[in-house]
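Submitted below is the structure of interest, expressed as structure tokens.
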């Protein structure tokens, strides 16, 4: 069976494993205070064109999300999210477990609009009993969203402007950021994100690393204290060097760094899958231009494909059809996509 | 400089890296539901001689500690710990961040006695205003303790008996468990721990793995729900295979498994260091028989040794002397210990 | 100005104040362990026809809600609620502050159906990644709901049956329970509630007391521990007698107790207001038969009435009209309602 | 039986009940936004000689403590307290339930010294692994302490100076503040407290009110947000007027206000009890000059007195003797103290 059910079904890009092997007997301080982490921080600051940024490394996305939310927000504040946002649906209530409500706004396509955010914010403050409701303190965007869609630079700028005019932190979950940056529709850069957001992260787990998320933030108060929050949330890796080594490997080399090349590869393979479905006249649920594609398939089509491939069931579309997810990654072999495309072509 | 400041300053045993390389392109389900994790579970059940145990894998010790504490305890319950216990002093209040008070009992040597636990328990329930104080719900022991000492089987059995007679969970933090099991003073086995505790973990991070702690528990209700708690605390590793692969590598082979051999090596090197200090007439703070040794050194002695070696400052002993920690690990080279012993011999 | 904006704008029924005066110099143990509280417990058990029930007294509704939610649920569980439920919208994220997500289901009329609850429950457990989502652990109903509607006995029985067949606690928020019980549409009794729910409370604050909610529950484990939860949530009133005295005063006398008579009075006054609006041809937003009435008024109608009366703005209905709430209570004077009805009659 | 076991065994001073009766039918907005609360705020600002202070009213002490702690502190910060402090021992872990560790320092007499606080603070920041320990964010003092002792103005000033020089909030728990202010040893005023603390409260529950604590603070950010925290912690009383009415009644009248007169009465009665014990040669455990007295009594002495009186067992002193607490209050009758003094005189 050939799996397309997620972008973290293989290990890591071989360069990363080699780097781990090379450095294995070196002795380093723990907890992210080693020279690899420092070097990775510098590389990230260069990508972001801002030498003053704070950078900390965490093992996984849920951990990154709750550490940021809990470190930045006051106890009585909540975080605005699309109702489909990862923090709202797929983290077993991790944000709430830190005491903060996710203020979920209905979203048609997995993204929030600045109008929605503004409406939520103003309806809170215009409510004479606003003290009886959770105070919005942060906006959470996932980019790419859980369905692969990304924001435009203009959309991000508008949201950023609103947030900063109204005392809201802007936080972008970049668990799949590489795929977004390398999408042919993307018109923002890491430097734009660093400028527009208060905090965002560059996801490694789903883009070629064994694991690891690099959290980037500019709040000065956070600089002093964010590491307490990491430790308190169980996110401070003893052998922190493992995170530094991986991000150095992924991000060194500027615009042609491994991270971006791997993401580009995955997007290209995803585009081939999308084109095969479209050529066949099979509709796509969402016009994703990143590494996840969502054809709407009949039960029969699913049955045929599932004899050789493992996609992920995403949801019921109508009585006869379901939305199914095909994911590519750094590890997706071109030959496997060839085979899939041929089999798509032969579907009834 | 040769570092002896902790047991996690190097990477992982090469066999682990090789296993990661070998399996790198295999495709596996995420989140600990892969065949490596299942195999590691079986191996652990064999070591523990109990096929009914639940086993889950977490990345680090703080995470393991708070996930267990929060999953097992009711909201109004607290966990009894030695005041020197890791959860009380070195986790940035992580247990409290999940809402549970650490009921810290004074400890002379880093260990709790059954008498202390009983006194704490009874003084709670004999207090007519006990509802105004935290209800003890769990006993936390670290074994080896933070100073390297271990419990005897009789001590563990007495504590276990008390706990189970009084509705307290018994939880053993085994972040350095291998070093304890391989200590020449140890008279308990993994099977004893599994029998006496409700939950304990086999620490990988400090005993040869890149990272990873295997949590073992027998509560049936927990079987059904513990994974929710892991996810909620941000501890569910996407590429969970990494944990399974490492624990298979470490624990396969029964009593001669890699994990125990690595621990034995570290203990032997630590014994050589201890003997060198003792031969020199330098007193040891604590009679540790595991991989950490704590000589009491004058400022001058520290200065001399610190020209070549990096131990860890542990605390002030008296006006002239400090307690200093020397740690060995799977990676400690015999030649480095040779050099250290020679330099100890030449101290004034 | 005559206020109709809520049911807690006056003090307490004079009998309660007299009882406080009468008992003022008596000396009593604190924290709800006095003879008045014990007597109130017995009276409640008689109303509920179940001598084994646990009864504890809290000062307010939010406190009662979060204490119940946090005491009953495991850390990884959440509580199912209508999206309009008080715990979801008007408690500043208090349930989330105890770590529990409110699983909000869309509700057309402020009530949940058993079908909705079943769908939510089954969609959780049928999801192969259910461990990544909050486990439903409790169903929260407000009865009367925030809009004054109540459940039928058959609806409560169906929800109760589903909950108990599937391991969910059923919790009914009875902040306005008296008005529900005295509604001419109500076909359930306190004894029915006690039989169908795991926990519910009899609201005093909004039905004639100075403050106070009597939480009734049957879980045996909770009997032993609920008071810890109360204290931990800051809800254990030092002079607990104040709660006992009030509930004795309100609930003694069986079916003709003060509590039910006050609620009946408020409902009757509310019915007069409703009839006045209906006679005038002004539509009601919701067919409430309890103490809150929600006419849909034009801006002009609001302006006219607001020269003498203070209703509460409830929400925008359409471009020209708003939903407005008129509340009655134990203290509503018949003469004030006479005047209001006359003024309604004269509206354009 | 005549009870001396606490200062909240009776109801409230009759003036308060009369004020509640007088205002009972007035209609007021809820949640502390009524004219009585506003008037009470102004009176408190006058006592404190600072018109810019924020004042909010809460029902009880535990609630006041956790609301302040959780509202002021960041998630990774803890609160320094004497180990005997109420928040550390008698609140069922309520501060920890909000996520914050109580950093308990050993205290000989229930009070903290500035040297202890400084030592704790510096040992944190001098620790190279301080990020692994809870960051001190606030100092909590109870004044009078749980044993009746108070701080001098010089001690408070020194602690305040240290706190403000080092970024720590200073919070004084004044659950029994009146008894402290009226102690013949007291050399500070409400205005001093308001100047030296960031936040403190004037306890009503134990000094003549039915219930109620007035929290006074000067942090501007808190002004905007403290009420969210109150609501989130279940502490926002629906009929908030009850708190305003009581504090107006207690505090109007400047230095001769009811609150201070009641406290003076209680202190005087306590002094008579102390003198009776001392005259008899019975040692006192602590030189308290407030409303609580702690004689060290033999079992026989306890047995004799307990035939007529109910003091509170405080702790074992030695094999033969216990520390016993006698509390007076606003309601303590002089005749009862006469009788007690006579019976003390006749003890063997």
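A, B, C and D label the chains in the order they appear, each numbered from 1.
Keep in mind that, in the parts below, contacts are C-beta pairs under 8 Å (C-beta built on N, C-alpha and C of every residue); 3 or more make two chains touch, one makes a residue touch a chain.
Since the model is a prediction, treat every value here as computed from it, not as a measurement.
Chain centre most remote from that of chain B: C (centre = mean of CA atoms). A straight line joining the Cα centres of chain A and chain D is 49 Å long. If each chain is reduced to the centroid of its CA atoms, chain B and chain D end up 42 Å from each other.
If each chain is reduced to the centroid of its CA atoms, chain C and chain D end up 33 Å from each other. Residues of chain C in contact with at least two other chains: 75-76, 91-93, 97-99, 131-132, 135, 228, 231-232, 236. Arrangement of the chains shown, judged by which pairs touch: all-to-all, with no pair of chains left without contact. Looking at the complex, you find that chain D touches chain A at residues 31, 70-71, 74-76, 98-99, 131-132, 135, 225, 227-229, 231-232, 236. The part of chain A that touches chain B in the complex is made up of residues 2-3, 6, 8-12, 14, 17, 20-21, 23-30, 59-63, 65-67, 91-94, 97-98, 205-206, 210-211, 228, 231-239, 241-242, 331.
Chain B makes touch with chain D in their complex at residues 75-76, 78, 89-93, 96-102, 104, 129, 131-135.
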